[in-house]
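Please go over the structures that come below.
Two complexes follow with subunit A in common, the first pairing it with subunit B and the second with subunit C.
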Partner chain A sequence: MNYLVLAPIVLVMIALRFTRLNILGWLAVWWIAAYLAISYGIEPPLPSSIIGMFMGIVTLALLAYLTVRTDDMNFVKRAAIRFLTDKKYTLPLALTVIALPLLAAFNVYLDAAKAPQPPAAGRTVHPPPPTEITFKGKKIDLVNGVNPYRELQAEDPEAFRAHLANGRKVYFQNCVFCHGDNMEGKGLFAHAFDPLPANFQDPTTIAMLQETYLFWRIAKGAPGLPEESTPWASAMPAWEHFLSEEEIWDVILFMYEYTGHKPREKEEVH
Partner chain B sequence: MSKRKIPFYIISLIVVVSLAVSIKNVAESWQLQRELARAQSVAGEAAQQAGPQITPENSHTVEYRKFPFVGSRVAVWVIAELHLMFAAFVLAVPMFALIIELIGYYTKDKRYDHLAYEFTKLLSTSFSFTASLGALLTFMLIIYYPKLTTYLIAIFSPTFLPYVLLFFAEAGFLYAYYYGWGKFSPKVHIALGVALNLVGTTIMFIANAWLTFMNTPAGINESGGLLSVWGAITNFTWMPINIHRLIANVAFGGSIAAAYGAYKFLGARSEEEKAHYDWMGYVGNFIAIAALLPLPFAGYWLGKEIYAYSQSLGIVLMGGTFSWLFIIQAVLIGNLFLAANYYLWVSMERIEGAQRFRKFIKYLLASITVCFIVWATPHSLVATVEEARRMGGSHHPMLGVLGVMSAKNTAVNILILTTYISFLLYRRGNREATVSWAKLGNTVQFLIFAVVVSFVVFLGVYGYFVEAKVRIGLSVPQVLSVLFAMISVTVIDIFMFKNAKSIGPIRWGKIPARAQYALFFLAVTFTWLMGLMGYVRAGLRQHWHVYGVMQDTSPDAFTPTLGFASGVVSVTVLIFFTFIAIVFWLSGLSGKKDWEAGTGKTAPSKGGLDLAEEGQS
Partner chain C sequence: MRRFIILYLGLMVMPIMLPAQEKILGTEAQREAGKKIYDQKCAQCHGEQGDAHSVATPFFRPQPRNFTSGIFKFRTTASGELPTHEDLKRSIKNGMPYTGMPPWPEFSDRQLSDLAYYLKSFYPDFGEYGDVQPVALPKPPAYSEASAERGRIIYEENKCLDCHGNSGRGDGKSAPTLKDQWNQPIRAADLSKRWTFRGGPTRADIFRTFTTGLDGSPMPSYNIQPPEDQWALVDYVYSLGQSERPNYATMATAKGITEAIDLGRGRALFDDAPPALFPVAGQVIEPGREFYPGVNAMEVRAVYNAAEIAIMLTWHTMTADTLGRNSPLLPVAPFDPQAPVAQGGEEFSDAAAVLLPSKTPEGVEKPYFMFGDGKNAMDIWFADLAKDTAEFFVGRGSKNIEPAGNGGLSLVSQYEEGEWSAIFKRSRVKEGGLSFEEGNFTPIAFTVWDGFNRERGNKRGLTSWYYLYLEPMHKESPLAPMAKSGLLTLVILLGIVAFARIKYNGKA
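Then we have the complex of A and B:
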């Protein structure tokens, strides 16, 4: 949060509470306040696509408020008609007519003056997994399968710890360079990639997924991504060429252990 | 041109321009899709063209046929969707027509009986449209997807004869219900309505078995051979779809009926007519919103069952290929709630005494806006490389958490409660409680809302700190607490406002025209939403006709782009409303006078209503 921006906005809104402003002025202040808060009050800044969407919703809501009461609507209608027809507003009207295309042109200039960069694109973050994969000739069931070493956690804690230790070794030998030593996706190589490597600490990534899903992603990497929802633009290697099945299951155990998340369990069908 | 006709021409212009733009977009997108598909299927088509002529001996080997210009998939898609929309309407209207008739029967208020008949008038033509579209869909499936159809017939053949017989029964009950209005004793007529609803619902349940089997097949062995017809019918998503469709049909039907009321209101020439159609629009909208409130819960259950059936399907649905459609869905549902509340707030203008509640509108609007924003926030944001780097990835550290189900569930629950509060204020508009404990009642109601909202938010936040299984389970207490709030507050309200003092009349008909446009907006949005979500449910299978059992090997076996799919759905919605306009027009003909020989035109209509004696105004 950028409190330097938010604090004055809050003060203005409190002052607005004690000011007798007509509906148009009131809505204008709210719209500008919402724009400033959304665009500059949040750190890190939001992407322009989200600012556009949020402001679209805010604008719709303010328009709804404006038109809920017939009195307010008539006031605005009368004000607009006066502004367009009353001679005393000729100069402001002329200035408005000139300013609108100028503002549009200025906006175009600002866009054109920016350094060229790839266009924003919506990505599908979770590629849909197949129902099963073949790992070095062995079929792995992604729908009903489980991590074969997960049950050791309760049955044989010592053996489980050995698998965790092996997973730690695998992670720090192979994964750390991109996904980082804290699993936040900020490894040494991370800044060379677009999109950035996944942040496993985020409660909305691996905590939402079954372990078989992670096995598929690690084993097959970018080359194994489905044809739908392309381009995936992933730099993830297919680790089936470098790791054994056990090593992959172990590193999955370690990822959940290290982040404190629990894997999603297969749910019962009712 | 009379002033009254302007909105009609404006609407016509908008419809024509929208249709043109949509068709243009779809055509462009279609061309691209076809080029891609053509590249994939060129070898297959060449083989097909060079293949042997179809004879009785080899006729069973035909797997697909090609529909000209738009392709088989789009053709079947549009017809199936149109059939579904009409079927939903035809199944929904008898439900609330019967309820309204029952209210009229018990209250002895003729207005309700008249309103129920007005709704039923829409059924006759719609039923014919539904049946025609259903027949067309069947032919198209047989012609263009013969192999799939043969397989589905093999699985579900025992259900077809009951389906057809029930369809005959529905036709009989429907026409007896419509033409028998006022001709039978009320009890016999109500019994006809009950039978019509039971038969209609059973028909829908049977058809749902066929389509849900394609998504989550059951009752078959590994090679797809039938083991149990009952098992195939009661597949994993059958009951969630049954419940979801039952509720959604009522919401959709209510919105279309409300749009009919709005259409008639805008064209009404007398105060009586305006009052009647204003009331009709209100009742239709009430039905639509009352059904909309529990709909997200039913949808959530369906989504949960899909995920439980298959992780792959679940991820394709909510996190993968179709996830962006859920952002569109959120925007549309947010608009639905906004428009529904807007209609209620504007409607308060016709209630003497409701002015005292105006001050609450801004708070309700703020709640809707915040919930709308939370619901529409995607998990991974559309960002340029520079923006993504500033955020540290495609997930914003603050907003990323709004993109998952914990936040969405919390938002939708509060959205539902907010809409309920709007209803409550509307209901209280011209009434003042006279009971001695009114103050205490209000305090208790306020406390219930405060506690439930806090509980819902607490569970939403708590969901981030527990494992997925627990988090998903938290939606149940969220839903139950919201239901508890709505039921308990309603019960208190009913007792509190018993023998309440009226502080002014409801001036039916004295409602701004923009409220009626809100009803049109609601109907179009409901329909669009149905089309989009229907596409998600069917498209979820991706390159499978029957998921995991029968692969789609046609040239259309690819998932279309979001833009193309939205375009097809939009065109379908426009076609549907063109048909609905015909239904509205045909329904209105009965109120017109007979054509008079010699003048070459019909005598001017008196509006088809004479409500003064019914105490409408």
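Then we have the complex of A and C:
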């Protein structure tokens, strides 16, 4: 949110409440305000295709508002007809009839002059997991499964600390190169990969996932991703070739410990 | 009795000593706060005892700093001296680009300070000699071409090229023999990539680096006189680097040409083609891992004519390794963290490859960027730089790569002053395979092997998928579509006006 842009817009709209503006002016001000708010009021900026979509919706909403009252409709209709037929508007009408085709042509020119863009691939960042996976011949239940060492946190803190220490070792010998020292996805090699390595400090990654989901992503890596998550481009290794089951559970414990996030609880099915 | 006198004298001096010591070593509370951060964020690499004995140490080159040695690279103090408090804070805050040491912008000034106090406790001499004075580091005068030109002479006089090379690409004749204080191999900086400078990319950073030297590394300090000459050298080094930040691309554009593609022209063939620089990472994804790749970026240019396409890869490497052999098929033993770093030898040559889908992809699906997969095969255009012919492989995964002749590829390569260039040429059309069509985007990736680093097989540097775009030779004029859309709008508008005037004229 860019409040420096949004605040004046809101102020102008409040001021508008106390003026006697006809419906056409009112619609125009609303449309412009919505455009400014969507284009410049949101951080990070939205892509132009999304802005176009939102403005389409805003336009339709304003038109719908216009049709609610017959007085307003008639007012606009009369204004339009006057503009098109009254002799006193001949000059602005002629200018509009010349200017709009020129604008359309200019738009086509801008399109042609644009640098070519490579095909964009949408990508699902957190695809739905399978219900179970096979890890080195052993079935692992991703829906009802739990991290087998999580319970040690309460029952045997000493043993839990040993698992954390092991997870720390696993992280700093395997994950750190891409996911980085501070788990922000800014490791030594991160800049060379697309998609970028996940940022675990971000509250929208491991904080909203179950530990079993992490186990799936770590064990099966990019090659285990479904099609909509571009498995051919992700650099996440399938760690089942390098790590044991215990090592993966340990590094998951460590990732939550280091970032201070809590894993999502398993869903209760009623 | 004597003991009491000493104690008495000690107590007399204490109040004077303490504040001085505190200025350098901090208070117990500050060191304690620093230790808390250190144990969580730093000890994994620098060791619990600050001695760089850690789980991560063998995986990084350069290795994490051993704080018990009292040797610090980045200082504002004279060579051999300890760093100032601010020096330590700066190094933590900015990190060292292209090493395992990241920047820590999230630490507050106070946290940085606490950490610096704690780091000093690993080396007792800080207490005695830690009150160091920085050398004079003047404000940089304005950059000038003339000064940079004169700097070239200073660069030669001070034998900078022995390590950094004639063109500054880190390929000097002594470069392959360089070792640090701990007998670990170390590479001379590639001065053409300022963004990799560990001590920072600005002119002030360059000035500080050669004035104070990088202790523990083979980079000495230089006392260049008169002072104008110091800035001349700075300006020359600065002029070698392209920019402060790398200008990495997301696609390479192939330029259409009308003349024949004559590989005999070498690099000149690509004079009009725009360069695209792609970052190279170590292959740490599958067995045969490369934690410290010898190459960190690859520049790509391409041209095409009616019949053929040529792609030139250029990259910097310290030595031209043209002895031995290389191939994506060569086996690699698993990484052994205990083994000393192996490098040199004449067993493996330098090599590079262009990776492409074996068939023009429909939609966005591509082969797995690690040499393809069972569903989508990958074409591997391979150049073993010990040979002068190209090889061709088809990959269906790293363990499933098959040689397939030369794939209709021609190759020329050249090594000059730290830079390899390898040019592949092929017919644009391939029956039943990948064809390059004008106006199309083709997925493309690259891989590079540094023979000196004993890279081969899956131990290599690699890039992600990018795109190669064949810019149409004749750009269609937008005039016709412009006129069409303009006229259409005009007709519609006139229609509306006419309708309104006939229906409502005088009645509104």
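Just so it is clear, the second predicted complex is superposed on the first by the 223 of 270 C-alpha atoms of A that agree within 3 Å, B and C clash if a C-alpha of one lies under 4 Å from a C-alpha of the other, contacts with A are read in each partner's own complex, and residues count from 1 in each chain.
Here, a residue touches a chain if its C-beta (ideal position, glycine included) is under 8 Å from a C-beta of that chain, and two chains touch if they have at least 3 such contacts.
Quantities reported herein were computed from a predicted structural model and do not represent experimental measurements.
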Subunit B versus subunit C as contact partner of A:Ile57, first or second or both or neither: first
Partner chain in contact with A:Tyr65 - subunit B first, subunit C second, else both or neither: first
A:Leu84 touches, of subunit B and subunit C: first, second, both or neither? second
Touched partner set for A:Pro101, first subunit B, second subunit C, both or neither: second
Subunit B versus subunit C as contact partner of A:Pro130, first or second or both or neither: first
Touching partner for A:Phe177 - first (subunit B), second (subunit C), both, neither: second
First (subunit B), second (subunit C), both or neither touched by A:Pro47: first
Contact residues of subunit A, present in both the subunit B and the subunit C interface: 118-119, 121, 186, 191, 194, 227
Sites on subunit B touched by subunit A in the complex: 236, 304-305, 307-312, 315-316, 319-321, 323-324, 331, 334-335, 338, 342, 345-346, 349, 358, 361-362, 365, 368-369, 372-373, 376-401, 403-404, 464-465, 467-469, 472, 512, 514, 542, 548, 558-559
Residues of subunit A touching subunit B in the complex: 1, 42, 44-50, 53-54, 57-58, 60-61, 64-65, 67-70, 117-131, 142-143, 184-186, 191, 194-196, 198-199, 202-205, 207-208, 210, 212-213, 227-229, 261-270
Sites on subunit C touched by subunit A in the complex: 40-41, 44-45, 54-56, 59, 98-100, 102, 104, 106, 248, 250-251, 278-282, 284-287, 291, 337, 364-369, 373, 376, 439, 441, 462-465, 467, 469, 471, 476, 478, 481-483, 485-490, 493-494, 496-497, 500-501, 504-506, 508
Subunit A to subunit C touching residues, read off their complex: 78, 80-82, 84-86, 93, 96-97, 100-102, 104-109, 111-113, 116, 118-119, 121, 168-169, 171-173, 176-178, 180-182, 186-189, 191-194, 221-223, 227, 230-233, 235-237, 241-242, 258
